[in-house]
């Protein structure tokens, strides 16, 4: 903005083309349009973020019910296998969701820098290692055979298979089987929902038009502001010297505000990218894991993930 | 606003820099933007509040059905145990929801002061005590063993366990068991929903951008208004003396209005913080409790919670 | 508005303070803000109204299914008892929903006056009497024992009890019992929904901020309009005399329009208050009653409730 | 608009009151308000239309499932009876939905004229005749005994009755019975939804305020435009003569645009009125009918309803 | 835009009618209206696109569950038949959805040109051939007998028929049958949803009004800008010559921006038209196909469809 402002001042004063400016009404119309676009965009982007949060809230509720059914209707080893596989599913899911996508903004240098201030668990742990701890080396290898991306589905599928077998062998009452299928249905739905959010960015043409408007608005703003402040120099006194330079702080302030308005939406549009405004899926999954393990009577529980620098992940 | 206005008047009159002002069109663009931001923000925040209310309306409906099923299909002691545990769950839930969170505004002095005008039941009662009355000392201690935050889940889980056992022992017809599971599912869902609202504030960057715009608008407003009123002094008469001072009431009025527009959203963004605009969860839970106890034939019913100073809690 | 306009004209002309006016840009910003606030508010309020309508549409659909199941799977006296109790529930529900609430606007004199132009059935009938006709004196007295407000729940609860008993006594096939429970669940849900709308007004701080903006806009409007019309007097001719008085009709027209914009939302915000824009619950319930009675083979059917002066209630 | 514009030009030039005009800022504020109102109104009205479309999409899906179940689990004559009664229900439903309502705009002459360009099947067929073809004369007479409006419900009710009887006589497996009940539930729900849309217009006070704003905007517009164009006459040349007359095309163009903005919403607000923007219920029902008949092995199928002049009905 | 700008400059300078221009406030009002219309339109159109995406996410989740049930509860040949018919259904569905509709924009030359940069699988494969590979020549011919459009329904219907038969022959446990029916219900629903989106364009009158406003705004814009820039020529120097020509780049820039704002919505309004912003249904279906085939133990899997030039289809 400062560069553009200087440029605007220069153009206004360099003799041959002195006096160039952009009429205010254009700036006003653009300002209104920019606010509107940003308002609509931010609303729509918030919906994505809210939906991601809902999916994980739903997973919490269903996980608790799953744990209860396993404990009450299956024997100890089956229960442990089902619950650990469920934890493994959540682990695989969050690793997949945190993978980088081409349209996400985590690759940008500023974001990478900022990322050091908080801690994305998926950055420092390996899915392979976690699955081995949860399922044993052999099972983990089998699950990962068709790639990390397929792992969550493989796990859900095995889970469904085992539940079907329990029912076929008459080791589950039909009512409980029906309830477990509802839970499986829910896990499949929530996974499909998360995948949908992860795989389909907020339509790029929408985001680009919005950013373009902000850019043009910010470029024209100083050209519109220059003559207004220049006129003030007629007041004489100190103003005759400095007034025109006021263009710089003013344009910078307003430009920065409208740009941050646009950025705010950008920063929440990908709720699983590993940014500071992500849905805190690692934390939620850890909490569920602690609950499930405690319910099985384990005593060595993993520590809850605390926010670092106030940023929950 | 008065300070800023005085400052604006000062700057306008102090000789060396006399005549400084902000051009109106900037103020107009900012005003439009502020209205739009506030409008979108208030709409989004209202959704949170409405969702919280829905969750408790849903809990009401399900509680009534639970009570009916317990009375018709379980024996007296089982029914009492189930219903009292349900009341205990609601009690634990509202205590958890009313706990302070770092981003809530109840810590601010003005709010703490205002809080004396109404009565948040959770402020003056202890969860431990209430649970002991409902479940007996031993059971309460067990529930609270893993901390207050885990209490609602512990209670829901015990509830689920007992219902599962009843079914396993063939003391519930399958259809009724299926219905009870639907109710349990619903309680789990509503709890997850309330937790989601409690644990995830309205995105802070959205709120901050909105407040920032209001702040800048209110700062620039008097600087924009000064010359307009100053010009009126040319009319002579009384105006030549007082017109410029009109900046103060005008800026104060408008500034205050736009700030309250922004505040309105803020005040409903956390529907469980214990503020005057909270969803009245204590009152709703008390009403359900009265209904459930009356349905069990109890005669000593707790009194309904009446609004104090017109504020329902 | 006329008074304010006169005041504005006066202030503009009384010598010592002659020439006072409010700059137009302030009025423009306020106008935009007012439109936006009114737009958002009206949208949100419409949602309440639409939800109320949906609840009753849902009750219609479920009532028809209930009637069919009762006729096909229970004996004549049971069917009659269930259906009449269902009609009694709807009756009690609409009486409860039409009770006055402190924040509703029916107490205002203008509204009370206007109310004479249409007919709210609940004004001229007594719940006690209606219940006695439907259920017999004894049963009605029992239902009303715990107050009118508890009556709908009491009725739903008895309904649920009887259905449970029928199932316990093996007088209902399990599938049909499951369907009846779904219907009961639906009635409970719709009642909780209606109660939620009735008990929680549209957040008062939102409504107040919106009205405040309209009020201030309408107050400043004439002060902004006066100089514009005053200037026209320079045109000479007739204008020199009358132009300034044009402030009055103009301000009145615009002020009235913006006030009605704000009022439109107000008038639908409480869809059960007994106003002319209410959801026509009496009419809907009467239609359902006619259908249910006809389905039982009754021949003396109550007359449908026709709109009076085009206002359905 | 032309008349109003002429009037505005006249007033501006007739000597005694020459020079009258409306200040632009008023027009700007009004213009913004009108756009906002129209925007909100059109969004809300679109929801009604979209909901109507959804209802019929849902009916399509459920009809196909019904046909499948009937074919696989009932004998030939029962299947035919059920499927034909279902077609009869859709026929009765669309006849009811296409009946005129007092607030619909089909009575207006322009609309009636335009209606000749497309073809509403319900205009040229008689429900009685169609029902007789589908159900036989006797059954049709019985269904229509209580009036056309009650026919769809009568048909749904008979359908439910027959399905209940099939189950009572153990001619349907419980699982299939449960599925059929879900379909019946769905038909009841969709009918209630359509009836709700048909019987409750978009709130009239909302529509009126919006139209009022447009009307006032269009009236003031030429008065605001006159002086602007009049000033151009100072440029001399041809302009001194014609400039003021430019008010007419300009006001007409803008006025017509804002009026059509308002009209666009109006035209979709009643999606079953028989207008050119209706949800094409006749066409959808005909398609379902063809599918159902083909599935029963019929060979003489009715022709699909093609759009006439590009207007599907 | 350049042509219109030249025209505006011409009109402004040609002697007899020199000085013609459109007053700015008109342009400002139009600009605000255009932004609002575009904002609302883009929001509504995004909903269509999001819904299409949801439908396919839902199909993914349900397909996985179907595959699991088939593998666990049916014998090998039945499983293969069911799964292949399911893949055939998805194939037929995407071929139908990608067929051209009169209101879609793919026929336009620019779009056809651009289409060469990515690859719509349905353009280069034949439904007949694909169905023959999946189902065998005979079955494919039978399915296609009643036309391509009816193929998806025929396939779903056969699927339902076979599942019903399996249940009738007691080769499926009732619980599993119930689950399969839920999946069938879901496929029917998602198909009805996709058909609804495909068959009902975004209401044309809405789109037209919006485009009309943009067109008029862009036409009037240069006429409004000319005098503003013309005035700059008074500054002398270079400006006296070139200033007026600045109208062209400015009008072009702004006009192009507002037009692209309008176009952005247009480009997503038909999410199945085969454009670059389509929901990538071919890719999603291919992924499901790979999963289903891998789950059946096939080893020769089709390759996943990669985005071409960054455009997923």
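A, B, C, D and E label the chains in the order they appear, each numbered from 1.
Just so it is clear, a contact is a pair of C-beta atoms (placed from the backbone, for glycine too) under 8 Å apart; a residue touches a chain by one contact, two chains touch by 3 or more.
On a predicted model such as this, the values are computed, not experimentally measured, just so you know.
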Ask   = Suppose you hop from subunit B to any chain it touches, then on again the same way; how many hops at least until you reach subunit D?
value = 2
Task = For the sequence-identical pair subunit A and subunit E, determine the rotation angle of the Cα superposition and round it to the nearest 5 degrees.
result = 70
Query = Which integer distance in Å separates the CA centroid of subunit B from that of subunit E?
reply = 40
Task = Can you check how far apart subunit C and subunit D are, centre to centre, with Cα atoms defining each centre and the answer in Å?
result = 25
Contacts with two or more other chains, residues of subunit A listed in rising order = 25, 28, 32, 36, 39, 43, 174, 178
Note = Within the complex, subunit A is touched by subunit B residues 15-23, 25-26, 28-30, 32-33, 36-37, 39-40, 43-44, 102, 146, 150, 153, 156-157, 160-161, 164-165, 167-168, 174, 177-178, 181, 184-185, 188-189, 191-193, 195-196, 200, 203, 205-206, 209, 212-213, 216
Query = Which positions of subunit A touch subunit B when the two form their complex?
reply = 24-25, 27-28, 31-32, 34-36, 39, 42-43, 46, 49, 53-54, 57-58, 60-62, 64-65, 68-69, 71-73, 173-175, 178-179, 182, 225, 228, 232, 235, 237-239, 250, 253-254, 257-258, 260-261, 264, 267-268, 277, 279, 291, 294-295, 310
